[in-house]
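Both of the next two complexes hold chain A, though its partner changes from chain B to chain C.
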Partner chain A sequence: MPKCTINGHEVEVKEGATIMEAFYKLNEGIAHYCYHPGLSVAGVCRLCIVDIEGNPRPQIACNTVVTEGMKVTNQAEKIKDGVKWVLDFHLINHPLDCPVCDQAGECGLQDQYMQFGKYSSEMAEPKVKKHKVVDLGPTVVLDSERCILCSRCVRFTDEVSKTNELGLFNRGDRTEVGTFDGKPLDNNYSLNTVDICPVGALTSKDFRFRQRVWYLKDSETLCTGCSTGCNVKVYYNKEGAFRVKPVYNEKVNGHWMCDEGRGIYKFVNREHRLLKGRMKQKGQSTWTDMDAGALAKEAYQVIKSAGEKLAIILTGQYSTHEYQILLKNLPTKNVFHWQNQAEKWNEFDGLLLRGDRNPNTKGVELAMNASGIKTDWNDLISGIKSGAIQTVFVAGPENMAVYEDMKEKIQSLGSVQNIIWTTACKSEDFEKLTNNVWLVPMKSYLEKEGSFINNQGLEQKFKKATTIVSEALTLAEASYLVSGQNIPIIKMEAVDTFIDASRRPDQVTLEHRKKNEFVYKRGSL
Partner chain B sequence: MSVVSNSPEKSKWYLTGILGGLGITFKHLITNLFNQKKMITLNYPEEKYEYSARFKGNHVLTVKKDGSIRCTACMLCATNCPAECINILAAEHNDPTVEKYPIAYEIDILRCVFCGFCEEACPVDAIRMGPEWQTPGANGSKFIYDINHLAYRPQLKGGVVSVVDEAERHKSGI
Partner chain C sequence: MSEVKYLTEFYHLNEFQGLEGYKKNGGYVQLERAFKMKPEEITEEVKKSGLRGRGGAGFATGVKWGFLPKNGEPRYLLCNADEGEPGTFKDRMMMERAPHQLIEGMIISAYAIGAKKSYIYIRGEYDYPIACVVKAIKEAYAAGLLGKNILGSGFDHEMDVYAGAGAYICGEETGMISSLEGLKGQPKLKPPFPAIQGYLKKPTIVNNVETLAAVKYIIRDGAQGFRKYGTEKSAGSKLFSLSGNIVKPGNYEVPLGYSLKDMIFNLGGGMKPGRKLKAVIPGGSSAPVLNAEEVDRATLDYECLASMGTMLGSGAIIVIDDSQCMVDMLGVLTHFYHHESCGQCTPCREGTGWLNKIVHSILEGRGRLQDIDLLLKVADNMKGRTICALSDAAALPVLSFVSKFRDEFEFFVREGRSKVKGTNYAQMHH
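Entry: the complex of A and B
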């Protein structure tokens, strides 16, 4: 365990660690582009130069191993001047089209120019023109002029996704990132290259030009796309959610996430959501819109009269404590687990994506085991046929896109006399139901707090990000109302697990914020 | 509170003040009658006063030489706007040299405070404050100006050409 001194601070690092890792460990600022903690060292950007005592020339921090007693600084005048002119080399052929570039606002070049550069360019020669708006594949667009050739994306396809689609072509200032002839960048992890691109050379087709990044707030939450439970950041504003990016978590997802998980923000936006509670009596052809809370209270009469003929159906898309509260409020032994494509649940693509597309399957099993319930789906079918079950309460899936048997399940449950279905999204299939139906609008995972238990049994908390459908209920709230109780006021935990200590707490009081949840303070993003 | 009391001696001279004022009125009446060209009032609304081209009135979106919209939808004006009255929807242009352009550009003119920050923020001279200063409208009029109004209203006679020319910029190697 060698010790070294970085800018006057002593730090102990692992055997074989580089100076860059020592900088990371101390949280000391250092300019760099090509180094990424999740990838191998390339040492091509030459921006991370540091001064090592006893060494006449500057060395790059990312590729120099720490030795015992090493004294390193990046605050020396010659290093600061060196970084400045290395940055000038990077920007020689950069088009400076920040106004039309999606990366503006979170761009490595902008940040580092303001921090280390601030020079006037000394280049008189015209810039080298390269390809713009190159269609790399179904998800990514390339702009070669903006590229600074850090090779992070090339190393990503080489080392992480192991698909080797990208490469560097030509030589010198005509070098360009590209794909081999006729082969698109098409793998389930391709959008990670957009995240790790320090400039705007790679942009995501899904997010391109939809918002400027400074209009978006971000909040850390969990990916609900599969049972891996990747830690993600969701970017949203008053118009809804716009994109998802991974957050580093060594135990779960490392630095990455899959492209499929990046689509999970879509269903939470208003155009897909059930905005009002809806009910339909048998024989009626039109729906009655109602307040969500009032509708749930209405459903209480049905549940009370059902008695033993009530069945509860659970899907693995709600948080762990919601199941526990639901089973406590509606004590019945007829609880069934709707297992979506159970035959695929053990599939794994070797990196992150798992076949079980529910975030909390383990949570359902835990809640059912805790209540001592063991049931089979066939019991439900036979119960419905024999008339032993006449009322069902379905905790329906919020992300319906991954439930391929949605239509057929709605049809098979449609023969029950009373259906109380809690759902975050609207669906055409509900229109075909002919018996008594109550559709209760649910909050999505962005609008509530709770925890998911992932495939490996790790329980992860997530917190509320925003409100999209203000009227919607959580499953816990709905269960209180349908069992004839009033919703207890749940006190928020004082310590939020995801807000780090360095971030300034919001000055707006909670009560005030509820009234103006979309009035953002200028400059606070 | 202070009470101002006019001294009775001073207030005796009110008649000369009235006559002096009437004298000015009659002087203007006679000069206007015999020298109508120098008259400083206007017959509004038949006659309108033209402000200088630098007046900060209603916004104009400039166009390129081919008549298409100059704006690149970078949203800097909308970000800089203190009244938050600018709303832009960006989209991908078919021409890769243009790349990004606005499919909707709306200014809520009743929210606008005519500060000119949008004009200052614009990197490509796409938005200017024009010399028009009237925004009348009947009840229910459209006060949210769209691209058609901002760039191609009849008063602009086909659009104001921007001073920033992309082709020339590319030629000079920028």
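Entry: the complex of A and C
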């Protein structure tokens, strides 16, 4: 474990660690673009130059291994001046179109210019013209003029997604990122290239021109797209959520997430949501809108009268805590696990995405085992047929896009008398229910706190980010109401987030933002 | 002291090109002698000889070989025949006139470092030298000088030619390795150095044509015999490519330490009638220029030229007389480096383009006086900041041209025309 001194502070690093890693460990500011902890070292931006005592030439921090007793600084005047110049080299052909650039506000070039930059450029020559609005594939658009050729995206497709779609074409200051003839950037991890792009060269088709980033708040939460449970940051404002980006967690997702998971913010927005409780009687074709709480209380009468003929259907889309409360409030042994495409559950794409598209399948199993319940879906079907089951409480899926068997399951519930279905989203499929139906609006994962247990059995907590449908209930709240109780007032306690020691040092804290302090790294870096 | 015929002893004989003629004039005798030595002995002998790389950097060859890991890991020998440095044309002659001399030197070197495979990476434009070397390799295979168990020594060696596609950067050793691997010709980040991890991530030695050819003579004459020519720190003789405004341009072999002035005025036949010497680029276009006063003092060896702030480089001496406009010449050089920068490292990618634009602004009459200082600042900040030396190579001529011939630049900015030629850029080029 060699020790070195960085800007006068001593630090001990792992054997073989680079000076850059020592800077990261100390949380000392160092300019860099091409270095990314999740990728190989390219050493091309030349911004991370440091002065090493006894070495006449400045060295780059990202490719220099720390040796015992090394004395490193990036505060020397000649280094600061060198960094200014390298930044100016980055900027001389950059279009400086920040007012219309999506990256503005979270741009590495802006941030680092403010901290390390040279404040007046001497470039008086015409800039190099390159291609704008290059369609790289179904998800990503490239603006070559903004590109600073750090090669992060190229290395990503080489080393992480291993799909090799991107390359650097041409030479010198005519170099451009591009795809080879007829092979677009089309893989399930393509949007990570947008995240790691330090400038606005790569933009997401889904997000570009929709919001200025300074009008968005962000909150750390979990991806509910599959059972991997990637740690993510959701960006939202009062209009709803706008995008999802990965957050580093060594144990779960590293630096990345899949494109499929980035779509999960969509169903939480108001236009997809069930805003009011709805009910309809058998044979009627019109729905009656009701307040969520009142509707749940009404459903209590049905559940009470059902007695032993009640069954509960659970999906792996709620938090562990909610299942426990539900099973406590509605004590029945007729609990069934709705497994959507269980035959695909063991599939894995080798990187992050798993075949089990529920965030908390392990949580359902845990709650059912704890209550000593062992049931088979066929028992439910035969129970319904024989009339042993009259009333069904369905903890319905939040993200219905991954429940391809919705219609089929609704059909199989055909002859049940009463269905109480909790759901966050509206769906055409509910029209097909011919029973007495109560639809209880649910909160989405962004609007509540709890925990999911991922595929590897790791329990991860998440906290509430925002409120989108204010009167929606959580499954726990609904279970109190449908069992005739009142919702207990829970004393709010500080929730630990899942991000702790493994958190990267470059996240901007709220305190910093409030103080409007300059923070040297954020967002994409 | 005058021209010597050491490496070039038989270059006047046409038969020296072929295997038979080469053997008649002492060819492949040294290979047999080398096989009787231990590989370490050869490396030691090369170290003692003081042979330094003839491609440009002038790094001690034996020391470079010594960096190879001492295990049995497979390794490669690459011959750098890309010869891209503007003004250099000595390797071309060596490959045309004496391809077997190179092959023999390479087999000896490969034996010394334990390489079972070698490649000769030849500049793509060199059609004829490629043909010569390919033919010679075929002859060598046919004669059992390459392949399995060469001359009964138990040493196996395969040799191949690889033609480049016309990139200056592929003359940089790691750029050449990338190109040889089938990748885009871009230099690799060091460390690891090629001797540890080079071609196909295996230990690799890259040497210039002239360096490898000289190994044969170290075996023939021994380290001390090789040191007959040259100085203490610059041993041996070297080929120089003399070009520019001179009466007799061409390749000349002289001992290192030879006077630059003699080179120009004796061997090169001096300036054209009525012309005066103005400047000399002593080591290929990347080397800082010397003015006439400095040329008087310069000797052609690594240490003297280094002390004058320039370098011996590849040995391309470009002579400039008083009819040349330095601003115009710099425009040619900045254009070249802008065109050839691989585009990996920011200071070089952006800097070469910037320098070129500034110089052309001046040439086209749009220059500002502050542009002259800006050239110096930009060039200064490109130096020593990149993966390979191309950035330095682009910056050094700018620094030396501007600082030594500043009056010409200032005149051009003020008058919009050349101080020497009296005409503007458009008139100069039509």
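The criterion applied here is as follows: the second predicted complex is superposed on the first by the 494 of 525 C-alpha atoms of A that agree within 3 Å, B and C clash if a C-alpha of one lies under 4 Å from a C-alpha of the other, contacts with A are read in each partner's own complex, and residues count from 1 in each chain.
Please note the rule applied: a contact is a pair of C-beta atoms (placed from the backbone, for glycine too) under 8 Å apart; a residue touches a chain by one contact, two chains touch by 3 or more.
Quantities reported herein were computed from a predicted structural model and do not represent experimental measurements.
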| said: For A:R208, using the defined touch cut-off, is the partner it touches chain B, chain C, both, or neither? Pick first, second, both or neither. | reply: first
| Who touches more of chain A, chain B or chain C? | C
| said: With both complexes superposed on chain A, which partner does A:E125 reach: first (chain B), second (chain C), both or neither? | reply: both
| said: After the superposition on A, what does A:P58 contact: first (chain B), second (chain C), both or neither? | reply: second
| said: Tell me the contact category for A:E428 with respect to chain B and chain C: first, second, both or neither. | reply: neither
| said: Contact-wise, after the overlay, does A:E68 reach chain B, chain C, both or neither (first, second, both, neither)? | reply: neither
| message | Touch test for A:E77: chain B only (first), chain C only (second), both, or neither? | response | neither
| query | Counting only touches as set out at the top, which of chain B and chain C does A:E250 meet: first, second, both, neither? | reply | neither
| task | Name the contact category of A:R46: first (chain B only), second (chain C only), both, or neither. | result | second
| remark: Both chain B and chain C touch chain A at residues 125-126
| request: Quick one: which bits of chain C touch chain A in the complex? Just the residue numbers, please. | output: 167, 169, 184, 189, 191, 338-347, 349-354, 357-358, 361, 368, 370-371, 374, 377, 381, 384-387
| remark: Residue set of chain B touching chain A in the complex reads 72-76, 79, 90-92, 96-97, 99-100, 123-124, 172-174
| task | Note which residues of chain A are touching chain B in the complex, please. | result | 96-100, 104, 125-127, 132-133, 208-210, 212, 214-215
| said: Help me check something: in the complex, which residues belonging to chain A touch chain C? | reply: 41-47, 49, 57-58, 63, 82, 85-86, 89-90, 92-93, 122-126, 128, 148-149, 151, 167-168, 170-175
